[in-house]
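As written, the chains take the letters A, B, C, D, E and F, and residue 1 is the first residue of each chain.
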Amino acid sequence: MIYIRGLIYIRGDINFKNPKMTTLKLARVPTGIEGFDDLIEGGLPEQSITLITGTPGTAKTIFGLEFIANGARKYGEKGVFITIEERPESLCRQFQRFGYDLESLVESKKIKIIYIDTDSHRGSDPYDQLTNPEFVAELKAFAPKRIVVDSISLVISLSSPPSGTRRALGDIANIFRELDATTLFMHERKTSALGELEYSLEEFLSDGIIHLQLHLRGNVLQRFLTVIKMRETKHSTGVYSFIIDTKGLKVFDLRKI
Amino acid sequence: MIYIRGLIYIRGDINFKNPKMTTLKLARVPTGIEGFDDLIEGGLPEQSITLITGTPGTAKTIFGLEFIANGARKYGEKGVFITIEERPESLCRQFQRFGYDLESLVESKKIKIIYIDTDSHRGSDPYDQLTNPEFVAELKAFAPKRIVVDSISLVISLSSPPSGTRRALGDIANIFRELDATTLFMHERKTSALGELEYSLEEFLSDGIIHLQLHLRGNVLQRFLTVIKMRETKHSTGVYSFIIDTKGLKVFDLRKI
Amino acid sequence: MIYIRGLIYIRGDINFKNPKMTTLKLARVPTGIEGFDDLIEGGLPEQSITLITGTPGTAKTIFGLEFIANGARKYGEKGVFITIEERPESLCRQFQRFGYDLESLVESKKIKIIYIDTDSHRGSDPYDQLTNPEFVAELKAFAPKRIVVDSISLVISLSSPPSGTRRALGDIANIFRELDATTLFMHERKTSALGELEYSLEEFLSDGIIHLQLHLRGNVLQRFLTVIKMRETKHSTGVYSFIIDTKGLKVFDLRKI
Amino acid sequence: MIYIRGLIYIRGDINFKNPKMTTLKLARVPTGIEGFDDLIEGGLPEQSITLITGTPGTAKTIFGLEFIANGARKYGEKGVFITIEERPESLCRQFQRFGYDLESLVESKKIKIIYIDTDSHRGSDPYDQLTNPEFVAELKAFAPKRIVVDSISLVISLSSPPSGTRRALGDIANIFRELDATTLFMHERKTSALGELEYSLEEFLSDGIIHLQLHLRGNVLQRFLTVIKMRETKHSTGVYSFIIDTKGLKVFDLRKI
Amino acid sequence: MIYIRGLIYIRGDINFKNPKMTTLKLARVPTGIEGFDDLIEGGLPEQSITLITGTPGTAKTIFGLEFIANGARKYGEKGVFITIEERPESLCRQFQRFGYDLESLVESKKIKIIYIDTDSHRGSDPYDQLTNPEFVAELKAFAPKRIVVDSISLVISLSSPPSGTRRALGDIANIFRELDATTLFMHERKTSALGELEYSLEEFLSDGIIHLQLHLRGNVLQRFLTVIKMRETKHSTGVYSFIIDTKGLKVFDLRKI
Amino acid sequence: MIYIRGLIYIRGDINFKNPKMTTLKLARVPTGIEGFDDLIEGGLPEQSITLITGTPGTAKTIFGLEFIANGARKYGEKGVFITIEERPESLCRQFQRFGYDLESLVESKKIKIIYIDTDSHRGSDPYDQLTNPEFVAELKAFAPKRIVVDSISLVISLSSPPSGTRRALGDIANIFRELDATTLFMHERKTSALGELEYSLEEFLSDGIIHLQLHLRGNVLQRFLTVIKMRETKHSTGVYSFIIDTKGLKVFDLRKI
């Protein structure tokens, strides 16, 4: 492999000796969300970065918490939930409603909840924090299989990275890719209607996009989910209805009803 | 708990000793607005920040005043109404119309009305004022259970915080969260149609969003209310009609009529 | 009352001794425009600031002139019409068409017409002029009950106030509020369709908004009026048709026809 | 009359001695365009400034040339056509098509055609030129009753007035108002659909707006004209069809056909 | 003729002695495109500048090449095709498809193809090049009757003229007007739907606008052509279908089919 | 041939001696994508640059990989895939799903996969890299017939070329044109609806545009493909349905079903 000022030139006789390249079988990481994993061949591609995108109130945080909690409870995988918007207490109370005891998962060291304080007096730049080598080392030591960042939009809007937003996003993505975890980035969308979406930088960069939507039908805002993009996956592109019931999210196939 | 330059790293063996974390039962704070509390499990989540958003003329101020006045009269909870847009005299007269005597509530120390003067000769930066430690101390001493800021949009547009708008909003939110009160932020929306909403920073930051709307039906602008988001709450996402009658706001379930 | 750097902290035992606070009965100021006052409980709230908003050609100036002229002729109230856009001669001729003799009202000292010259050679900054203490003193000495500024949009677009547009608007509003007059600010709107309105700063700041509209029906632009907002008033939110006839504006209730 | 730093304070006992104020009878200036003058009480208000607005190809220039040529031929009024966009030769040829001989009108000193060269090597700032005292003096000496500026949009876009665009527009308008002529400003509109119009500064400043439109009906762009605004005039607000025939513009009343 | 700082003041007794002014008969320049010249009185006005505008893929280049090649082959007029976007080889191959041999036309000195290289290493500012006196002199020496610039949009976007874009456009137009040729400027449009067009500076400046469109009908993007503006021409404003067949463009009258 | 400061002035007696000019027969380069080549006369024009444009999730990368892999396997042509967005491992796994073994193609030196690392610590400006003479020389030495850049949008958004974006795009295009390869530039589109497309600089510069679309029909986002532009090609402008099946992309003619 030859580097020309940062360019990796892959020659045939080098790269594919690389053990990573030969492990071509891709594992799937199930979310455990009822009715969802069937839409994406059983789960997210291992080590991928998927954007959960939606306007306020579309249940992005619940999606992320279920991903982490189900990982720990159903699949025995460690997880880390990085929250900027919402305090850990609120997350725990919110999940108790669905019958999950986040507190005991934290105590049994199955999950970690990390709260980044962005108060301008106490806190500092979230880009600096997420890319801090000490922090990355601690994350690596915990070795989570699942990570959620809630939200990547807040990380970006509160950071002033020296190399610009576009590169900062790439840098953060690189850190998570190298952790060998499967990652969800929560993404705040300003407008919602499918088919008139305006895509943002984050979406071109991610391996997958799951779009959550509150859409006015009659006199009610109803909830819908669409998988817009998922690399290495034969995914449905249907618009699925979902609800929040007493156990968490539940996705329905509209065509079956 | 370990702080890495402002990052709060929560370990399983530390945080959940924290008494706050173990009080997982969430109390509800009823608004007392007729027909509304049933839509949100009986009331707003205690200590949450909810945005009341709408274009001019959508009755945001009346919503806020009812929240404070009902708190004092029906639920015995002290309240503070922080007004920037409208003078206290006008607020009092407006409420007398609905049979509320704000003056006597003020005199009996059940509520406070705080007017922030933004005249460029007499007044100063509202961000500075709301985050002024002396002011915060006085608020804390009064120990209100309910607070209204009318409007957060004016606070932001009239302030020039050194750390930028995004962080200033976070700082103000932090101050109110730490007061242990339940807070309403009135929010000025520039356009109105549900389903084409463009969300703003304030909305991603808040725990709840209640959207008030004047919508043209036939030859009349009618009033509608929708709960777009409310954390820790199984809320309706229906579009409800409401009117302003002789006693204040009255919300109707369109599906029942 | 305690001032914390410009913040007025109202305590229960102080403010309501203030005689202004106890005069809770609000007087109404009729416009005298045919068919209109019934929509707003008989008139504008005394001492309020109402925006008359519309695109070019929607009869804003005629609305304002009727308000002033009717005040003087029908209700015995002195009025001041501050014009920037249109010269006094043109205003007088325009009103002669409707049978009003502005000239004799001026001569009998019932009204004043003030023309602010914005020529860049002769004139100066309208914000400076309106907030000039000498000018304010003269206004106060005349003691008008009704004031029209035609238009506030021109005042803003031609001024470069040191404290920024947002505060300048507040300062001007404060001056008119303290004159104890009822004020109309004419407001230039760039687009017109109700329901797709984009609201501006001026609209969040005012006590009332009356929207005048030219709307294409069939092959004719027809005139419509809507009261979008009016504090302390149970106002209609209907869309009313109006015409300009030989006596001035005439508002119709579409639902009665 | 008292001037406070550029503000003209009109007292009742002063202004109306002014002879201009007492000439309250307004004369009308017919355009001579077939089918048009009936829509505006027989003609434009004398000494007014009217915007002829439209996207490219809507026949603005032909409207202006007819106004000048008809003035000279039918009403014996001298006129000046100030052209920036199009060269005099082209104007003359274009009018020969409609049976007008501009050349002989120029030779008999009934009209003047003034071409402002905006070539960056030869020409200079059109704002400087139009407000040049020498130029204004020459205009005044010719004493035209009708003036056309084709187009005011080009004047503005090619000028860099020290006092800013908004004031420059006012200054130019003032010069033409003081010439005692009736003026048409041709105005370039970027988009066209009536009812979705976005109005510009020029439109709030003018006394009248005539909107010319190419509108797609079936597979043809058809021509329409609407009088959106005209001070001191009871004008139609209908949408009228017009064509360009062998004699010039011809306006039809759609409701009569 | 008197120049006041760049203003050409045309007096009746001077200008019309100018021989150009007396040649009022306008010649037409046929494009030779099948079905098109009938829409514009037989051809483009001699010495005019016409914009051929459209989004990518609307056949602008083919229109321009036909104009030049037909000039040389059918009407014996010399032509110059100035290309920035596309290399001469590609132009030649493209035309060979339609049975034109551009190469032999070039060799017989009937046409010239000029390629402006905008490579940032080899090339330079196209505005500088087109206004270069040496280049203009060479063009004049060749004495073309027809010129195409493909595209004026690229010229503008790649130039940094000291006097600003607006003036640069005027300067380039002036150079071509003074060459006594009839000119087509190819113009890149970003959006396409007729009736929602947003016009640009180039369009107000040109003598004519021909709009080429790809419009979705059913499941096919079909080609349409409309003459939006053409000075000194009674042109159709219909929307005409056109195709690209084996001989070049072919315009159909939709109303005849 | 005469160069005037970067302008190539082509005289009839020079250029067409140039051997390139006389090779007027254009070869086609088939993509090998099922159902697609028939829409474009059997393949892309040799040595052209075609934009594959679409929002996230529209299968742009799969289109590009098939173009390279089919070239090597079906047509014996060497290819280079330059990836910025996605890592080579992921590309290989993704293609294994469709039965392609990229690894063995790389090992047999039929294709190269080049990954440009844009990490702000390790990587550098992609414009610098792609235009690096050493890199260009290596590319030339490999002599690929097919090149894909995935994506040109990332190249542009991550580069800060000294001569500006517009020229940088031209420079990159020039490098690829001079390699005698047929090139695909993947292009990230922010919005998607055909007929409301807003075109970008890249699209005016390319020889062809293929538009991939996810369009909501019923409750499913379906995939469509349209050839918007292709120079030297009589291409369909229909909207074709396509799917991703077990062997790769498959294009259907909607009119045949």
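Going forward, contacts are C-beta pairs under 8 Å (C-beta built on N, C-alpha and C of every residue); 3 or more make two chains touch, one makes a residue touch a chain.
On a predicted model such as this, the values are computed, not experimentally measured, just so you know.
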Worksheet item: Looking at the contacts, which chains touch chain B and chain C alike?
Response: none
Discussion item. With touch defined as above, tell me whether chain A and chain F contact each other through largely the same residue numbers, more than half shared, or through different ones.
Written reply: different
Item to complete: Average the CA atoms of each chain to get its centre, and name the chain whose centre is farthest from that of chain D.
Response: A
Worksheet, complete the sentence: Whole-Å distance, C-alpha centre of chain E to that of chain F, is 30
Discussion item. Counting only Cα atoms for the centres, state how far chain C is from chain E in Å.
Written reply: 53
Practice prompt. Could you list the positions in chain A whose residues touch two or more of the other chains?
Written response: none
Discussion item. Testing understanding: with touching defined as stated, what is the shape of the graph linking the protein chains, line, ring, star, complete or other?
Written reply: ring
Worksheet item: Considering the complex alone, what residue numbers of chain E touch chain D?
Response: 4-13, 15-16, 20-22, 24-26, 161, 163, 166-168, 170-171, 174, 177, 194-201, 203-207, 209, 226, 228-232, 234, 236-239, 254-255
Worksheet entry | Residues on chain B engaged by chain C in the complex (per definition of touch) | 55-57, 61, 85-90, 92-94, 96-97, 103, 106-109, 112-124, 128-129, 132, 134-135, 138, 151, 153-154, 157-158, 188-193, 214-216, 219-223, 244
